[in-house]
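Think of it as A, B, C and D in the order they're written, each chain with its own count starting at 1.
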Amino acid sequence: MLEELKKQVYEANMELPRRGLITYTWGNVSGIDRETGYFVIKPSGVDYDKLTPDDMVVMDLEGNKIEGRYKPSSDTPTHLELYKKYPEIGGVVHTHSPEATSWAQAGRSIPLYGTTHADYFYGEIPCARVLTQEEIDEGYETNTGMVIIETFEERGLNPMHTPGVLCKNHGPFTWGKDAAEAVHNAVVLEEVAKMATRTELINPKVQPAPDRIRDKHFYRKHGANAYYGQN
Amino acid sequence: MLEELKKQVYEANMELPRRGLITYTWGNVSGIDRETGYFVIKPSGVDYDKLTPDDMVVMDLEGNKIEGRYKPSSDTPTHLELYKKYPEIGGVVHTHSPEATSWAQAGRSIPLYGTTHADYFYGEIPCARVLTQEEIDEGYETNTGMVIIETFEERGLNPMHTPGVLCKNHGPFTWGKDAAEAVHNAVVLEEVAKMATRTELINPKVQPAPDRIRDKHFYRKHGANAYYGQN
Amino acid sequence: MLEELKKQVYEANMELPRRGLITYTWGNVSGIDRETGYFVIKPSGVDYDKLTPDDMVVMDLEGNKIEGRYKPSSDTPTHLELYKKYPEIGGVVHTHSPEATSWAQAGRSIPLYGTTHADYFYGEIPCARVLTQEEIDEGYETNTGMVIIETFEERGLNPMHTPGVLCKNHGPFTWGKDAAEAVHNAVVLEEVAKMATRTELINPKVQPAPDRIRDKHFYRKHGANAYYGQN
Amino acid sequence: MLEELKKQVYEANMELPRRGLITYTWGNVSGIDRETGYFVIKPSGVDYDKLTPDDMVVMDLEGNKIEGRYKPSSDTPTHLELYKKYPEIGGVVHTHSPEATSWAQAGRSIPLYGTTHADYFYGEIPCARVLTQEEIDEGYETNTGMVIIETFEERGLNPMHTPGVLCKNHGPFTWGKDAAEAVHNAVVLEEVAKMATRTELINPKVQPAPDRIRDKHFYRKHGANAYYGQN
């Protein structure tokens, strides 16, 4: 079932250690098949070097396991909420990558300081608030998704223009049109976070880049007038 | 004698350079067999690439060498004190891993800033005081163990919920149910230390994560109600 | 056509990931043949592990594509302006290497703090201003080149003595007598930027190195009285 | 001639890129044969991956080349002064390793913050002053050695207890009983420098470690009462 998607999601998961985004099993990637409404996700706490495509777990959008010998990632309900809310999203990633997680722990959104950021994220990368005791008790992982959505709603953000978020005191989630692009955005976020920290050390009074630089670079790569790449 | 344990302890020692936790011979791992009361530890100052399982030294809890051609690690008496005091501990690690050692040199406990920390350490990672002249003269390595124990006693810490410590002006010790878990916790400590430094650079006024986040994440992975992983 | 130059430019491009200067496709190298006035540049947005020498694009100094199945790098007009203005330049590189880009994002020139810097750059590495809306609209990449030139003109800099620049909110460009030397200078700039950041953390009141150190080291390696190396 | 020493010095030079201490050709190692009074040093500006033991240059202590097809390292006169002044020294290293060089650029001696430092350096690692114009004109590399010696004389330092120095606005020199130990000390210095920077970021008011910790750790590894290692 969904063999091709399982393979893609497996490959996207294996990219996390290759790119230095995770230590041990601290990450997970999923991908969705919008026709069936099923999504495929990494099992919980299984070593990366023992994973195979067949170990991926198939879930439906009600949170039922459809197929798989393992329990799915404990963060599965967060992925699920994002898939339900945002039909444009085809893949979701969670990591504890150190540079992005440090911003999450610091409780700050990452300002747009340059074109590396603007090539992928149209504006600051938001930091979502921490959950209340009630939200934790009621369903920690589901409500993590809900608070991400709340953040995007309140700030009027388009998730395809801001394909990632920091969860306060926790770490980053990113997404994309498929699992591979979601991982790509996780790599970018880590690099952008690293440079933002250094930027502020070098110039503690630095201001975000002008909007015209953000607009130029984002739309050079995205949308109808894009001219970066071969298409 | 204790061939299986020697192999485990050897493997745990070899994990230190693989994980980037040590330079040259600046680290040691031990593991204990609670039935015989013997523990196995790396020899002192031998290059990692020349070590074999047979080079591991067998000690008893009085500090007598039971077997082995080499002198044991100079830090052996510290390991011994921890094994004597805490019967739950099956493995102990000491390194000079740079991020954790920087906190030890700075003389600060590592605040709990996020879920990466809370997944393994229930609260701050304590920094134990420096030894007095008398303690150094009387038995430096033994008293290093005693001061770690004093720190845990005074602060009412459960060593299985806080499986590591920073020794001021020195470096970290970690432990676990066996040698492999002790090394795992040394890797986690290094990553947590790295992120804590960055967190404070990004937000010099940052506060520790709320207790409810600490409780949720620690007990998601530990204890009767844990649901992370496949068990 | 220009097979040897294509090979050199290809090799210089491949050096970028080997030296850790780029993530994904965030960089480009070109080299020029001054006899024909044609330059060779990496195609836009093609994965490094799929590139071959034959994929390099041949351009003239009016910006016409002379040969190549791909579109050239979107930064081609910046390279072109530098080649037109400075006949001594034989190769140009653009990257988003993190340490140098952090200085560009911070909007600061890199002070000359030591001999590593002075061995290659005779004085601070300038940070060029951000483009105006008009300049962006009129031709972003061309005007990026023009603002680099403006910076060198206004500050009276010799581009062969200062073989690189930071573009504010963007990243570095470097150059040299050929593509390989331009990449060499990109590696040096990244290392110099990394050390400058640390230098200021260690001593927030640090002053630039004395001019006599700059002069000694630069002219030990460059010009008629150089005595470094085998020539 | 001195084939065994050439091989040792070659191996010690090759250890520099393996340990991440150098970029391109920014480093050099020498070793001396005290019987003949000849020392062997890397040639100037030759790529590490092209070096062979036979490329090492043999020099006498008057600065005459005794054997070798290449010019010796431009820093040869600095090595020479150290060998002449300190008969205990058997090997010398110069690098631009980034963490130590950042301290040199900052113009600060590295305080002794912990046992990693004290295991190798008995007290702070001194930063020598910058040369005067006259000293540069008269003989830059020779006088670099003289200023190192002046620093040790004025501060009453034993070069075997403080086997390294930072040259202001330049970088580190280290030494040891032979070329291999000199490189070992260069690796330690880089690690110690990295941790000292982080230590001060974590606690800007940090004080050096107590003298009793310095004494205990230094003499645990050095001198008549040493008990670290297998001897």
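As a working rule, a contact is a pair of C-beta atoms (placed from the backbone, for glycine too) under 8 Å apart; a residue touches a chain by one contact, two chains touch by 3 or more.
Predicted model, so just to flag it, every value in this text is computed and none were measured.
Note on connectivity: the fewest steps through touching chains from chain A to chain D is 2. The chains touching chain A as well as chain B do not exist; no chain touches both. Chain D is reached from chain B by a rotation of 90°, derived from superposing Cα atoms (nearest 5). Centroid to centroid, with C-alpha atoms defining each point, chain A and chain C lie 33 Å apart. Chain geometry summary: the mean Cα position of chain B and that of chain C are 46 Å apart.
Residues of chain D in contact with two or more other chains: 200-201. Across the whole structure, chains are in contact as follows: A-B, A-C, B-D, C-D. Contact residues of chain B toward chain D in the complex are 23-24, 26, 43-46, 70-71, 74, 96, 98-99, 101-108, 130-131, 133, 136, 140, 169-171, 197, 200-201.
The touching residues of chain A, counted against chain C in their complex, run 113-116, 184, 187-188, 191, 194-196, 198-203, 206, 209-210, 212-213, 216, 220, 227-230.
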